[in-house]
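Each of the next two complexes has subunit A plus one other chain: subunit B in the first, subunit C in the second.
Take a look at the complex of A and B:
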């Protein structure tokens, strides 16, 4: 008796259309999300590389808010009324005090050493304020529009993964199949299957937890049903938010260090991540002390809210079980906890996601090339140019921004925005170049070669401008700098090898086509 | 499955995008008051309903391509979403 197949052939056939078209239409966007997400895993390390004045050692003991931080706040406010301020305390990966003030006449930011010495402005958005927001919001902040687009693409990724599993019946056999020799088309398909199957649990986890983080924003019907005040009211209730207006009566702010001690007692240990002070100097002042999550997977930072005048605890509520589960899933995505091997694994698996998406796009392109022969249609050319611009082009833009970061003088006017302009300028130029040259494929080889050159230039510029060349960084124990430099050099090596091989196969292809026409 | 014309594929694609989101919307809109009714705190109920909605979303989206007729997909996903949203609204007015 013949066994009935678990997945019917008709279903497999039906899954092919959404798999293909979700990938072809959203593959470029997903590539940006996956690449920037992979970089964000090491955002603090890239920040150290891009902000040389912050390449410091982490402090041994806790930082005193009253002695180190409050004088800085007074200095930054320069006599103006402060509506509120925020400080992130130094830790191993981020060894500086980061201050944000909301004062009369605008916001002021500052970076200082753990001892409380003000550092010059960093002059860059760095990875944490440029690559990371690009990953989850594409820098389109208005009305959460970027978050909506990224979430849509992420659900499409889940659709692609699930349909891919259904299409692909021989799932276990293919773990051991990679035919790198012979036809490009076959090895591209093998790479697509290999990265898809081997890293499937990671891709499913990272895509799902990615939307889980912002679940109440992108699926707000539950919030609408139970919270009249919208998303703000929900978050206040769910994760320990607290708000009260200014009283208009002057009252001095109580010492903050005892509040920190009390918060740590309530937590049963742990370190302070950040502290927020609202309405300082007012009778309605309050202070929120949040725990650092570096020792736990969950993003639950157990905020404790104190009365700013009396120092009494105003709010300290444990999370509900489902909200706690959501915080755990979010932490699983963000990987902010201390675990170096797992962090590298996230980085590599994130890049394997890029390989999965990229090889999928190439697979489609190679198949169409075989079907249509030499003459390429407009659709094919658009996908070819987009694939090139969102893979090598994106890498080029990232490297160009890092090179500009080290090449621009420290006191250049609007330095941070110039870097951003370089990023988008190079990216757009790469897309135009790819579009113009897409008739015979895309300029993969020349752009890959340029990426190799830029990566070497980044390492050289860092060595020249800061003196922290890889050997010096290693000797000084600046592992973040050494790590970024090493990955840059590895990128250069891989990119030159790829450019070399692309050159060879291009020659081969021209040869074959000439032979066909002969 | 009938011959896939452009119009039919468009009907399926829109069902997969808007119909599936409608169903997820309905699940969260109905699940949140249902969770409160069954004893969860409002924040937990909203979160649980949203998570279930998100879990169902990609599966519902693919199902729109697997059903024999696009109209069935639209009816089940869009109609189901609308019905659940309505039910959620009724629950809220019945037990404030």
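Take a look at the complex of A and C:
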């Protein structure tokens, strides 16, 4: 008796078109999201690389808020009334004090050493304010439109993953199969299946938790019904927020260090992540002390709210079960914890997601190339150019921004914005180049070669402008700089190897075409 | 030091476990061991059992090293990396053997 197939051919066919359409239309966008997400895993390390003045050693003990931080707040406010301030305390990966002040006449930001010495402005958005927001919001902040687009693409990714598993004819027999020899088309399909199936748990986890983080924004009905659209009120109730208006009566702010000690006692140990002070100098002042989440997966930072004048505890409530689950799933995505092996695994598996999407696009292109022969239609050319621009082009733009970061003088006017302009300028240029040259296939080889050159240029420029060439950085224990430089050099090596092989196979292909015509 | 060795052991065990499972698949057995005959049923069972034992030992080590939550996460992601490494090894060995056959050695 013939065994009935587990998945019917009709179902498989029905799954094929959403898989193809989701991949071809949203593949480029997903590539941006996955690549920038992978970089964001190491955002503080890339920040150290891009902000040389912050390449410091982490302090040994805790920082005194009263002695180190409050004088800085007074200096930054320069006599104006402060409505509130925020400080992130230094730690191993982020060895600086980051201050944000909301004062009369606008906000002021500052970066200082753990001892309380102000550092010059960093002059760059860095990875944490450019690559990371690009990952989740595409820098389209108005009306959360970027977040909406990203979450739509993420749901399409989930559709692609699940339909891909259903389409895959021999999922168990081919689990480990990668045939590097023979037809390019088969090798690319093998790579697509391999990265899709072996890393499936990671891809499902990261896509699902990605949507869970922004669930209150993309599934707003519950919040709307209960809080009349006020998402602030929801967050106050859900994750230990607290709010009360200014009283208008002058009262001095109590010492902060005892509050920190009390918060640590309530937590039963742990480190302080950040501290917020609202309405300082007013009778209604309050202080929120949040725990660092470096030792746990969950983002539950157990905020403790103190009265700013008396120092009494105003609020310290455990999370409800649903919010606790959301905080855990968010933490699983954001990797705020200190665990270097897991951090590298997230980075590598994130890049395997890029390989999955990229090989999917290549699969589509190679299949159509075989079907249409040499003459390429407009649709094929558009997908070819888009694939090139969103993979190698995106890498080029990122490397160009990092090179510009080291090449621009420290006091250049609007330095941060110039870097952003370089990023988008190079990206657009690579897309135009890819579009113009897409007739015989996108200019993969020349752009990959350019990426290799730029990666080497980044390392060289960093060595020249800061003196922290890889050996020096290693000797000084600046592991963040050494790590970024090493990955850049590895990128250069892989990109030049790829460019070399592409050159060889291009020659081979021309040879075959000539032989056909002869 | 001990932490690093445990980590290495987790990866090594998962690599071995995946390798054992890979050899139960006809394709890889034909490519690398015996071109004509598939693995015996007894061999397949033994390979599967040793694969499962390796994976379980790796899970125990990972949880012992990092605690429940971190250990389980580490195990899941390291399993994927181990599987990728096995796939790369299979590709490398098979390509090598094919090359030797094409040259007529």
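The rule is short, and it goes like this: the second predicted complex is superposed on the first by the 516 of 518 C-alpha atoms of A that agree within 3 Å, B and C clash if a C-alpha of one lies under 4 Å from a C-alpha of the other, contacts with A are read in each partner's own complex, and residues count from 1 in each chain.
Please note the rule applied: a residue touches a chain if its C-beta (ideal position, glycine included) is under 8 Å from a C-beta of that chain, and two chains touch if they have at least 3 such contacts.
Here the structure is a predicted model, which means the values were calculated and not measured.
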Label the relationship between subunit B and subunit C on subunit A in the superposed model as either fit or clash. fit
Touch check for A:284: first (subunit B), second (subunit C), both, or neither? neither
Mind working out whether A:342 is in touch with subunit B, subunit C, both or neither, as first, second, both or neither? second
If we overlay the two complexes on their shared chain A, which of subunit B and subunit C does A:231 touch? Say first, second, both or neither. neither
Which of subunit B and subunit C A:320 touches, first, second, both or neither: first
So, A:460: does it touch subunit B (first), subunit C (second), both, or neither? neither
Once chain A of both complexes is superposed, is A:212 in touch with subunit B (first), subunit C (second), both, or neither? first
Name the chain, either subunit B or subunit C, that contacts more residues of subunit A. B
For A:494, using the defined touch cut-off, is the partner it touches subunit B, subunit C, both, or neither? Pick first, second, both or neither. neither
Check whether A:15 is in contact with subunit B, with subunit C, with both or with neither, and answer first, second, both or neither. first
Minimum C-alpha distance between subunit B and subunit C after superposition, to be given in whole Å. 21
Subunit A touches which residues of subunit C in the complex? 7, 18, 22, 25-28, 66, 69-70, 73-74, 76-78, 80-81, 83-84, 86-88, 90-91, 94-95, 98
Sites on subunit A touched by subunit B in the complex: 10-11, 14-15, 17-18, 21, 155, 158-159, 162-163, 166, 208, 211-212, 215-216, 218-219, 221-227, 234, 237-238, 320-323, 325-326
In their complex, what parts of subunit B are in touch with subunit A? 1, 4, 9, 12-13, 16, 24-26, 28-29, 31-33, 36, 40-51, 53-55, 57-59, 61-62, 65-66, 85, 88-89, 92
What residues of subunit A sit close enough to touch subunit C in their complex? 172-181, 194, 198-199, 201-202, 296-297, 332, 337, 339, 341-342, 345-346, 348-349, 352
